[in-house]
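So that you can tell them apart, the chains are marked A, B, C and D in the order they are listed, and the count of residues begins at 1 in each.
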Amino acid sequence: MDLEDDHFHDECGVFGVFGAAEAANLTYLGLHSLQHRGQESAGIVTSNGEQLFVHRGMGLVADVFTAPVIDRLHGDRAIGHVRYSTAGSSHIKNAQPLAVDCAHGSIAVAHNGNLTNAARLRDELEDAGSIFSSDSDTEVVVHLFARSRGRSTVDRVAEALDAVEGAYSLVFMTPSELIAVRDPHGFRPLCLGKLGEAYVVASEPPAFHLIGAEYVRDIEPGEMVVFDETGMRTLRPFTDRKAKKKFCIFEYVYFARPDADFGGISVYQARKRMGRVLAELEPVKADLVVPVPDSGVAAALGFAEASGIPFELGLIRSHYVGRTFIEPQQSIRHFGVRLKLHPVRELLEGKRVAVIDDSIVRGTTSRKIVKMIREAGAKEVHVRISSPPTRWPCFYGIDTPTRDELIANRYSKEEIARFITADSLGYLTIEGLHRAVGGSGYCDACFSGHYEVANTHHEQRRQLPLVGV
Amino acid sequence: MDLEDDHFHDECGVFGVFGAAEAANLTYLGLHSLQHRGQESAGIVTSNGEQLFVHRGMGLVADVFTAPVIDRLHGDRAIGHVRYSTAGSSHIKNAQPLAVDCAHGSIAVAHNGNLTNAARLRDELEDAGSIFSSDSDTEVVVHLFARSRGRSTVDRVAEALDAVEGAYSLVFMTPSELIAVRDPHGFRPLCLGKLGEAYVVASEPPAFHLIGAEYVRDIEPGEMVVFDETGMRTLRPFTDRKAKKKFCIFEYVYFARPDADFGGISVYQARKRMGRVLAELEPVKADLVVPVPDSGVAAALGFAEASGIPFELGLIRSHYVGRTFIEPQQSIRHFGVRLKLHPVRELLEGKRVAVIDDSIVRGTTSRKIVKMIREAGAKEVHVRISSPPTRWPCFYGIDTPTRDELIANRYSKEEIARFITADSLGYLTIEGLHRAVGGSGYCDACFSGHYEVANTHHEQRRQLPLVGV
Amino acid sequence: MDLEDDHFHDECGVFGVFGAAEAANLTYLGLHSLQHRGQESAGIVTSNGEQLFVHRGMGLVADVFTAPVIDRLHGDRAIGHVRYSTAGSSHIKNAQPLAVDCAHGSIAVAHNGNLTNAARLRDELEDAGSIFSSDSDTEVVVHLFARSRGRSTVDRVAEALDAVEGAYSLVFMTPSELIAVRDPHGFRPLCLGKLGEAYVVASEPPAFHLIGAEYVRDIEPGEMVVFDETGMRTLRPFTDRKAKKKFCIFEYVYFARPDADFGGISVYQARKRMGRVLAELEPVKADLVVPVPDSGVAAALGFAEASGIPFELGLIRSHYVGRTFIEPQQSIRHFGVRLKLHPVRELLEGKRVAVIDDSIVRGTTSRKIVKMIREAGAKEVHVRISSPPTRWPCFYGIDTPTRDELIANRYSKEEIARFITADSLGYLTIEGLHRAVGGSGYCDACFSGHYEVANTHHEQRRQLPLVGV
Amino acid sequence: MDLEDDHFHDECGVFGVFGAAEAANLTYLGLHSLQHRGQESAGIVTSNGEQLFVHRGMGLVADVFTAPVIDRLHGDRAIGHVRYSTAGSSHIKNAQPLAVDCAHGSIAVAHNGNLTNAARLRDELEDAGSIFSSDSDTEVVVHLFARSRGRSTVDRVAEALDAVEGAYSLVFMTPSELIAVRDPHGFRPLCLGKLGEAYVVASEPPAFHLIGAEYVRDIEPGEMVVFDETGMRTLRPFTDRKAKKKFCIFEYVYFARPDADFGGISVYQARKRMGRVLAELEPVKADLVVPVPDSGVAAALGFAEASGIPFELGLIRSHYVGRTFIEPQQSIRHFGVRLKLHPVRELLEGKRVAVIDDSIVRGTTSRKIVKMIREAGAKEVHVRISSPPTRWPCFYGIDTPTRDELIANRYSKEEIARFITADSLGYLTIEGLHRAVGGSGYCDACFSGHYEVANTHHEQRRQLPLVGV
């Protein structure tokens, strides 16, 4: 259930196109397709081969860009970015793509991920005289690029990335080149497409489908793809060639769109299989299988198929929930959840209900949902979660609560069931999740605590940064 | 498929509350629950027992009302309205509730429905010296009220309504009274609820659930319910006591929320039964049953259950489609549909797909959907519609195209199948629809052409009305 | 000094054009020229000969109208309106032109003035079945028109106006005709102009100058000018042919633009003469004559010339004062005045200053100005007012405080001088004002209490009207 | 005449306050007082002693700042900035104060002026690895600060400023210190004030008056004033101690508010003396002296006094001209000027008019004004300019057209008179201007071409910078 206040949040989506008329407009549409990866700010940088043109703003893609703005974003190549962020750093200064002038000319970059050694690098760069205008990791990469003595853009990007650790799917653009690169572990997705003669890159394949482009393949962990006037070429610039692939398994659980696929594995089908395995590991006696929409639907279909219990859309999702809503002064029970989900009483009344959700973060939303279903007449409410307990924070680009706030970090399954007032609670196991998704080379640190790259994210910066209001 | 440009549109939702603190805020929430019935304008009128307070605006409920506006809407009683309208009369002057001063004091009214003799009454009223500030039928009712010599508000409302014909679920408010009334045929819904000591009325029961109120019953065709300081009383003011109940069956097919029920019949369950009957009447050899979300989901579940063909969410609906969208200059195939629906290729590829939708209006959207599914790899696309062919316009409060634009009015089933490029097409029969819904006393004029009340809607007004721009 | 919170306010400006391409745009410019007469709402109604097109909104002309709106206001004839209003009735429902459909077709009207028998007429009309959507007097006129049995538009307008009393300069428009009419006393201005073959009417001649039109003459008290396809004709429809001309003398004192003239008398020159007469009647020993800008400038020039005391712009007016301003929590002395006026210390320091303003309403603003000048170093501050004490409210279209709030109604000149902390205070006499303006036939009721038309404005309406929020 | 499209533009105003409750609000008011120095963007940075809080936006001060924003700008010290800019670089990225994090912590800076060696320094900094996010000179200063090895904030600011050349009045703020500094020539103004125990700095003294602060003195050329917890101290950090004072004489001619004074010389009085000297050097036979408001008023008063010709406000300035205005398709003569200035026909008709303006840039506006006055009936129009011909561009913080666009650079006085269709034209001489202002140490390069600091402004940057759209 993606209630804004109680879920993991992806930090962004990136897009790039090289060699297409209407590059700005295609990027606008591509970002629209990636809107679920970030609703806080959006930005596009285009190039006409000589100069970069930039527009960024707070809000949804459709609000940030108007037709006159798109018209002023000249050129046949573009990169774009959508961003989610926690309240503290929600500010225009952190909107991307970041674009600056430096000794090597203008450069722009859009970033999905999180650098684990950004704080240390930032301190070092500041000591060397750099100034920082944002809170974002990405500015570190740009500074490293600017200071690089590499002889080509490619050399300079490679040199900059050799210094950083952590997760990144990056799209760079100079007036003449577009470069897409994925960290050696491939934590975050990045895909390659083709639109006629033009090349396209995006966080997820559905961005290609909207604009009529064709999905070619995932960009590989540690791969750098360079587009320029001579065409496309692919490089392996990283010195650490032994890095293991560690693709974020939570993309399959929740982040990615169900119509996406990565590495030949369909997100929708993976979710269905999670439901099937869940039904096998945590069977339930119930009259109905009801998903928490929209993220729980595919898993619930799998659960229903495997268990033979009928699937029903017993919770309806509202289409009209905006950002701000006037709350009544008198308390309405479960108000926030009620605005977003509506129980179908006629289905639930007197029934034993198996509710399928993708994850439990703090537990407060699950508790409201269970209570709402029970008030709608359900006799029993059994919660089944299509992923393992989330016990650990993510340092690779996902916005998670602190460990203390993660209910599964502090309480047993039975205690959580009591807290959310469920008659029973079942999770998928880590092994079950891997089995459901299939393939290999996944990061499951949020479930297992096995971090591939040391986390230095919590290191305190030596000073309080400036605050945009 | 509720693409804005190719579907029937309901013309409104109404709400009222009497005797509750925060009446304005409850109405705001109630209107939010009814937002699917009208997204063009919204309005609330409150009363503190002495005076009416009015606010109306163009747009969604959450945009029209801000906290300071809600604060200025004083009193413990309120009525509200959401409205859809075609482009021509989309203007603030037609936003409701309508509120005026007249000899009997201030009165406000919110209307769902359409009067079939409004043009004639308007001409008569103008001849008697009345002026009209809007295009809406509702202003006719207010003039009749103002001119009534009835001795009480109830008498005046009854006298006014005796003169009008057609469909109306109306909520009136004077400083001291709130009156809810439904036309003798009960074309449009209107329900009664209770919130502690306060009374609530609304077009659909889910509006009660959001605010924690209890659904009591439907207000009956021809019933007038009066709320004032002495409590609630119910009247049967209409002289024509032989009117047959004619509740709009399309509320079950499409308009109402799936979590609503009317007369003890659940909308969700009725839709599932439509799918079941459809599977029986128009069987198909297919690998998957795929609904056009969101309106086709329940019918598709019924179809899948009855046919034994697996149900899959093969089309994903976007949550981020706003009102305006910048279209690319170069044509992207099926652009409008692509923005709103995304095919899950991994499900559809190589499959025989049974697509379930609730209705076909002009056929152009269905055609785009079929083509999009086929481009996503489907081997066969079979379209099944959970209602009969819509061949006739509605004169009772639904915004429909002209007869000529209704594809089912001009073409056979086979011709329509060819137009939408489907391998086969099947509709529910009228009899099958009635069987699926159950009960009796429905208006099915849009399918059958059997109009209970003569249509004078097409009568040309004798002059061109003024135009808001 | 036209501080918004402490001055008389004119209630509107009207404009009309007949027979010109770009009628909407010309009206937009004309209203811009009349913006000083009303900053609260603006509206334009156009006609293409068959139908009326309407747009109204709250705010300044340049905010209410955008290029796309102007483009949708079709036709070669138009009327427009700008409006000021007190807080209570500041609402879109009162924005003008008022436009309705009635038995005689569509009609729109823009009104400057105030009807003294509107409350009674409204009660009578309501008793006859009329409904009222606004608080404005103008709606009464439209109802009378709609109910008229007159055979032509002219007859109906004449019949309607025969029933009303008070002040009105009105511009009516039907699809085919435009009618400008001034009440028999001619309280409020209305002028006739010519733009090539097209006719123009406006509250003040500068509206003609902006659009390149030529000022022809004032429309006379009791005159009705009709424009239609056959050209222009002028009528004298009123039965009361003995009405005395009573043009508002305060238009010369303050309301009208200095570059306007009425009846051959230049507003600028009249103000200069007020200053001259004032210097003669209330001489002062001073080193400087300083106007309160902008309204006091011309009078101050006249005062300086007549007295031989040097004129200096010792108070500078800010160009950047918007509607809303964040006030500091800690009190800044004379904050409101400081935002709008800035003393030139170098001029004022150690000087005896004669400050010239056009009027004193409540005295609070004058007090702040005097104190501010003294704090800037002035040794003496002598206030001279270029009009007589304003002791009486206006019932003819000016928004004035109640009698109790008018300082000159309750206190002597000496007491007022003490209140505003001036070393001396001098007013023009009523006789002096008439002498300065020249000509005859003026209403000076706000100074003299001699009301030509009985005031029934204070009559309580029998009920509380509805309130827009 | 300050028509936006045809005048010199000042590039900014700066403000700072240290040690006052409501620092953000006082800065907001101070910026309002300086609004005439820049209407394009506004910004405030505050400090609570530990952290900086930043808000910037495009537009007027009153639009950029709302009460909730002011509330989030915590602390008892603040700096602020208003900015004008030419179209090309009109973008949020150039809004000030600039605020960054660097090795020395957070620092913010607000700048009025222009650095003549910025392009070279920027290239050098980029070569050393710096990245630039804006076009502004100011970012160069911040980079120099960040790279300084100085041991204190003061040392680092001094080191940074030793490298730059040109014009600057700067206000820096770190969490704990506020520093105001003026370049050794003192091209641009900067003043010191006191508000109770708090210190205030501002571009012009009227900013002090609005907030109730006291003007203490001008900060001297080459002076650095430091405010911290220990109070205020003043330093002379520059190594070039022989710099000559070169205060911009155009501040007296046009930029500064008439109620400002610098170095004991009142702007208003200086303008009056310009008028007096002009009357002596370029006498005219005329019936009226008419200023082009508002900037020409004081000079016109001086001209009238010296010449004995009556002063009249023959041109009225509109208060309601916003940024955007819908132009009519059919040409209205002198449209732009007509919107802003209105001739008083009754004054001008048949008269010989001496029109006083402060300067002529391209000549196009003057031409429109002369024609408009003549069309209003003037017999002769004699133009007198209260400054010498502007023949040279400014490199010290004023936005001027290129030399080729300056009419006085290419044409003789007689040719200009013909172009603007004046019967005669007279300018002040350079000597006359100096005499009128009095004192010494002025930069008059825009008149004389005597540049004190070499201009490298025209140096082409080696690459096209990125463009915000």
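Keep this in mind: contacts are C-beta pairs under 8 Å (C-beta built on N, C-alpha and C of every residue); 3 or more make two chains touch, one makes a residue touch a chain.
Everything numeric here is computed off the predicted structure, so don't read it as measured data.
Colleague: Counting hops between chains that touch, how far apart are chain A and chain C?
Modeller: Counted as steps through touching chains, the separation is 2.
Colleague: Please indicate which chain is farthest from chain B, where distance is taken between mean Cα coordinates of the chains.
Modeller: D
Colleague: Chain A to chain D: how many Å between their CA centres?
Modeller: So the centre of chain A lies 48 Å away from the centre of chain D.
Colleague: So, what's the distance in Å between the C-alpha centres of chain D and chain C?
Modeller: 37
Colleague: Which whole number of Å gives the spacing of the CA centres of chain B and chain D?
Modeller: 60
Colleague: So which stretches of chain C touch two or more other chains?
Modeller: Expected reply: no residues.
Colleague: Between which chains does touch occur?
Modeller: The set of touching chain pairs is A-B, A-D, B-C, C-D.
Colleague: Hey, which residues of chain D end up touching chain A in the complex?
Modeller: 45, 50-55, 69, 72-73, 92-93, 99-103, 105-106, 108, 123, 126-133, 142-143, 146-147, 175, 463-469
Colleague: Provide the residue numbers of chain A that touch chain B in the complex, in ascending order.
Modeller: So the residues of chain A in touch with chain B come to 21-22, 25-26, 28-29, 32-33, 35-36, 39, 60-63, 65-67, 70, 206, 209-212, 257-259, 261, 266, 268-269, 294, 297-298, 301, 305, 310-313, 316, 318-320, 322, 324-326, 328-330, 332-333, 338-339, 342-347.
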